[in-house]
Amino acid sequence: MQPDLSVKIGRLELKNPVMPASGCFGYGEEYEQFYDLGRLGAIVVKGTTAEARPGNPAPRVAETPAGLLNAIGLQNPGTEEARLKIRRLARYGVPVIVNVAGHNTAEYCSVVEALSAETAVAAFEINVSCPNVAEGGLSFGTDPRTVFRLAGELRKLTEKTLIVKLTPNVTDITEIARAAAEAGADALSLINTLLGMAIDTRSRRPLLANLTGGLSGPAVKPVAVRMVWQVAGCVDLPVIGMGGICCANDALEFMLAGASAVAVGTANFSNPLVCPEIIDGLAVYCREQGFSAVRELVGLARRPAAHKAGGTGGCGRK
Amino acid sequence: MTQLQRLSVRSHEQVAPGVFLLCLSGGLTALPGQFVMVSVLPDSVPLSLRERPGEGFEPATALPACDPLLRRPLSVHDCRPGELVLLYRVAGRGTVLLAGRKPGDSVDVLGPLGQGFPLSASRQAILVAGGIGVAPLFYLARTLLEAGREVLFLFGAGEQAGLYRRRELALSGAEVRLATDDGSAGFHGPVTGLLREALGRNQGAVFACGPEPMLQAVAELCRAAERECIVSLEARMACGVGACLGCVVPVRRHGLAVYRRTCTEGPVFRAEEVYSCNPTCP
Amino acid sequence: MQPDLSVKIGRLELKNPVMPASGCFGYGEEYEQFYDLGRLGAIVVKGTTAEARPGNPAPRVAETPAGLLNAIGLQNPGTEEARLKIRRLARYGVPVIVNVAGHNTAEYCSVVEALSAETAVAAFEINVSCPNVAEGGLSFGTDPRTVFRLAGELRKLTEKTLIVKLTPNVTDITEIARAAAEAGADALSLINTLLGMAIDTRSRRPLLANLTGGLSGPAVKPVAVRMVWQVAGCVDLPVIGMGGICCANDALEFMLAGASAVAVGTANFSNPLVCPEIIDGLAVYCREQGFSAVRELVGLARRPAAHKAGGTGGCGRK
Amino acid sequence: MTQLQRLSVRSHEQVAPGVFLLCLSGGLTALPGQFVMVSVLPDSVPLSLRERPGEGFEPATALPACDPLLRRPLSVHDCRPGELVLLYRVAGRGTVLLAGRKPGDSVDVLGPLGQGFPLSASRQAILVAGGIGVAPLFYLARTLLEAGREVLFLFGAGEQAGLYRRRELALSGAEVRLATDDGSAGFHGPVTGLLREALGRNQGAVFACGPEPMLQAVAELCRAAERECIVSLEARMACGVGACLGCVVPVRRHGLAVYRRTCTEGPVFRAEEVYSCNPTCP
């Protein structure tokens, strides 16, 4: 029997819980050649701002141990060109989630307003990691009051599913999560990248032209799983988990910690087939472990008695 | 068409200290100037769940290795039906690992990627290589020669040992001129020292690949001589397919400075587009 | 010519900038068999509390991509037994730094007071990542006022070099760094571990009995380098950098970012010889790159014009 | 004395699906019950700066690979002058990588580590192995037999294929009794089903290694029979040498529950110390 992989994110129904993460999949064009994008649970497009943005100077990426630093700087074609690219994606019959970015509240609002009536758009994911120009460049996402205000403004502008994407660069992520929930977000996604830096010991300069960048990839997975665990435990909203997912097993870690769906970013770069492979792997896991629906797994690790099979692998005496 | 394939190592030899020639068998058809993204992880590591059933490993444990995380971009050094050849210099962790691959091992290759060299109708061509920059120009030379063009190949390096594959180049029928910084072979000085004279006696476009200062000097000479100049660039890449926007280079198009992706719109660019542009202009 | 590897941390003179990180080297006993501990720049011992602590239940460690999660829970023999072990280390003629932990201010004070007159002790490193019982279990190190008060109290109790060790689990590490500096710390060390979690998809339970643990190892290096860069740029105190250092090249990244010395933790576990190898590697680098003293490297990456040799490795057009 | 060494792979064969016998040549002298920490990283990866000069790699770039980060603890399965033998089951990423090592490759080994089995003066001994738990008991059996002791070896597994190295065991001179859960070889049921009878006819101490439930059952039978029982435990380890305090197990000593390091005070413990103790008691 084929396990049921469908999940719900607010009112959004996904046929499976796997989607590419924003900024790691462009507008889908590049990965069409590798597989039928119609297999995905959803497609999250590149962070979109009101007007086109050129992005940061190069070098923009640097490899780190099991990780990637990037400082793309929100290069994107602006809302109107993004609209065309999003419409093009409609052919796959998969919900398209628009990642929204801005340097001030007005810019976020303008993107959401412009695309709110667009039928090709299923949901908005609000990237609150952007530097907040009004507050001296600290990211919107580090202050619960700012997140509350921003999410509240956007909530008024759209009936569509509103997802707030949290930054991990904070002391207490639950505080921010609660602020987003109280402002009316339908779901939360996490984590965005951790702020990092790498230095080239030959040139003795930072490897990125922007000096610092965002860390993603397997290296950050334990931090991401911990934050999903914390947020899923304190807020009654569906969570989309991400950060270092490379295989079905990683996706399962997030779902067991409490994520209803997962996003896969950096892993697309090393393995363009990673998303469909994870979808297949989740089905294999459900079958082998006796689950008829993948949503039964959500948050299972939170319940001490939920051992269905297995054991501790002979390790650890409990 | 870009594909993800496991190719098998046919041979793998060190042609100079720290420089390897890797012949892979398998069906990948690439144009001169295109490149591939190679996974440097040892192939004993299962890449995904998919490959595990029946191998006796438990499903939830045989996970992908993830360091080094990214594929490495390498130019197509030569390509014939059923064979793909790469020439690379060991530069860091990734290429050290790749150098460990033995005949019979498999290598996971994504490609072909990027734009090849534009092949103008001209009867002649000048190719200018600096060190490992010979990698993509070797295949270009062979292709041009087979199409009946006349190829003047200017090849510079620090010392004689850096003139990788010069014998094979000479055998291919190209007219090869060497230059070394230490005078151990050919002209004593930079390869650009050969270019001025070459521009006088060969009317073809100039195709160059090598270190950044060499490319700039070549571009400058060509600009002065009003000769078409095509360069192949390097940039740090994450995806190699155009999705991450990590590999951009500022170029001037229609008077405007814009970022272009080295992996998709490049790695081959017109020199005048690249070198008329301040790196941080857009 | 042999390059000069000596550095200063406040009044503390180290013959080279390399020391094992607290908790990763016990009290030195285990690594004596591998090399002469007298080669080290300093020795930092296990986090020490007033009384002996049993620590957390097992499993206490879990491997993650290029990282390690630990939840040792401050198992240590208490101040008096630690004193004997520290005296034993005196034979190596290397400064011994005592890492101090506690659940409340009084406990930190009691450890520092008890060991302040101990000649075998060269400095105190205050681990402010411990849960603060008085403040409901949030770590001392996440609130600048608490750090200011704690460091201020300890400053009154000792003339010895006082190092405050910062936690990375904060929104703005420079705020905490400034608080420690204002309270009279002689130096700062960073980073302690990032809070993380891993879940076993077979048992469907967290891999650590403690549920969450601290992430260390190469995975965290970019975050650590970024924080050292930030802190060295805002506070006029010597910084001891750590987080994922595995080889001389990694150590150099931290020094170029602004660290005057480095500590090596997790890497000792995979390579017991890592500390002397890094010391040798630093000397090789100085010789090859034409530096007569390693301290010339401190903060070099902060100065755009400081390229002495090399280039960008052919990559990046600047 | 504990050493860090690069040993060379003499032979490496799959003795059952997913179970490998790895023979390393090199001078490591270990006692039965001790273990080693093995680096699973491919040996083409330079481990440190130290190894680089003269190899043609640039000093600042050929960095250590760091995933999987930790060494893997493996029991000494056999040890003779100049030879160290390991028997391991592929359980995850690390052992998958190790399984890729070929004869002539080198393996970085830290050891010997931990306490060996206490060898009492008794003329007889009962060894109880469950599956891969045979790994350390094989060497113990050989050592006891060579010392002229009588060894009764009870060996249980899920199915016949899980009774690794049973032929070599039988050849060594031990009296081997088999048990399988599915009845495909020997007694149909758990290995503890053989122990009751064995305790009647062999007066020696019991040495056990295997899955946790088996160890508990063995300990319980021995307690009831007032027989000395020694178990070899597993625990997740980071350093293997006693420095990290990651591998502790709660044991009862002089009536007090305390944590002991499996790598240093273990992996061999007296069953009564371990199983009289609630895992979270201290």
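So that you can tell them apart, the chains are marked A, B, C and D in the order they are listed, and the count of residues begins at 1 in each.
Quick note on the criterion: a contact is a pair of C-beta atoms (placed from the backbone, for glycine too) under 8 Å apart; a residue touches a chain by one contact, two chains touch by 3 or more.
Quick caveat: nothing in here was measured; it's all calculated off a predicted structure.
When the partners of chain B are compared with those of chain C, the chains appearing in both lists are A, D.
Separating the CA-averaged centres of chain A and chain C is a span of 32 Å. Once the centre of each chain is set as its mean CA position, chain B and chain D turn out to be 49 Å apart. Each chain gets a centre from the mean of its Cα atoms; for chain C and chain D, those two points are 34 Å apart. Chain C has residues 57-59, 65-67, 201-202, 209, 217-218, 249, 252, 285, 313, 315-318 in contact with two or more other chains. With touch defined as above, residues shared between interfaces to two or more other chains in chain B number as follows: 58, 60-61, 63, 66-68, 91, 235-236, 249-250, 279. If touching chains are joined by edges, the resulting network of the protein chains shown connects every chain directly with every other. Looking at the complex, you find that chain A touches chain C at residues 57-59, 64-67, 69, 138, 142, 169-172, 194-207, 209, 211-212, 215, 217-223, 225-226, 229, 244, 249, 252-253, 256-257, 285, 297, 300-301, 304, 306-313, 315-318. Remark: chain B residues 58, 60-61, 66-67, 91, 211-212, 233-236, 249-250, 279 touch chain C in the complex. The residues of chain B lying in touch with chain D in their complex are 17-18, 42, 44-46, 55-58, 61-63, 65-68, 90-93, 96-97, 99-100. For chain A in complex with chain D, the residues that touch the partner chain are 65-66, 201-202, 218, 313-318. Of all the residues in chain D, the ones that touch chain C in their complex are 1-2, 4, 39, 47-50, 53, 59-61, 63-64, 66-71, 110, 235-250, 258-259, 264, 279-280, 282.
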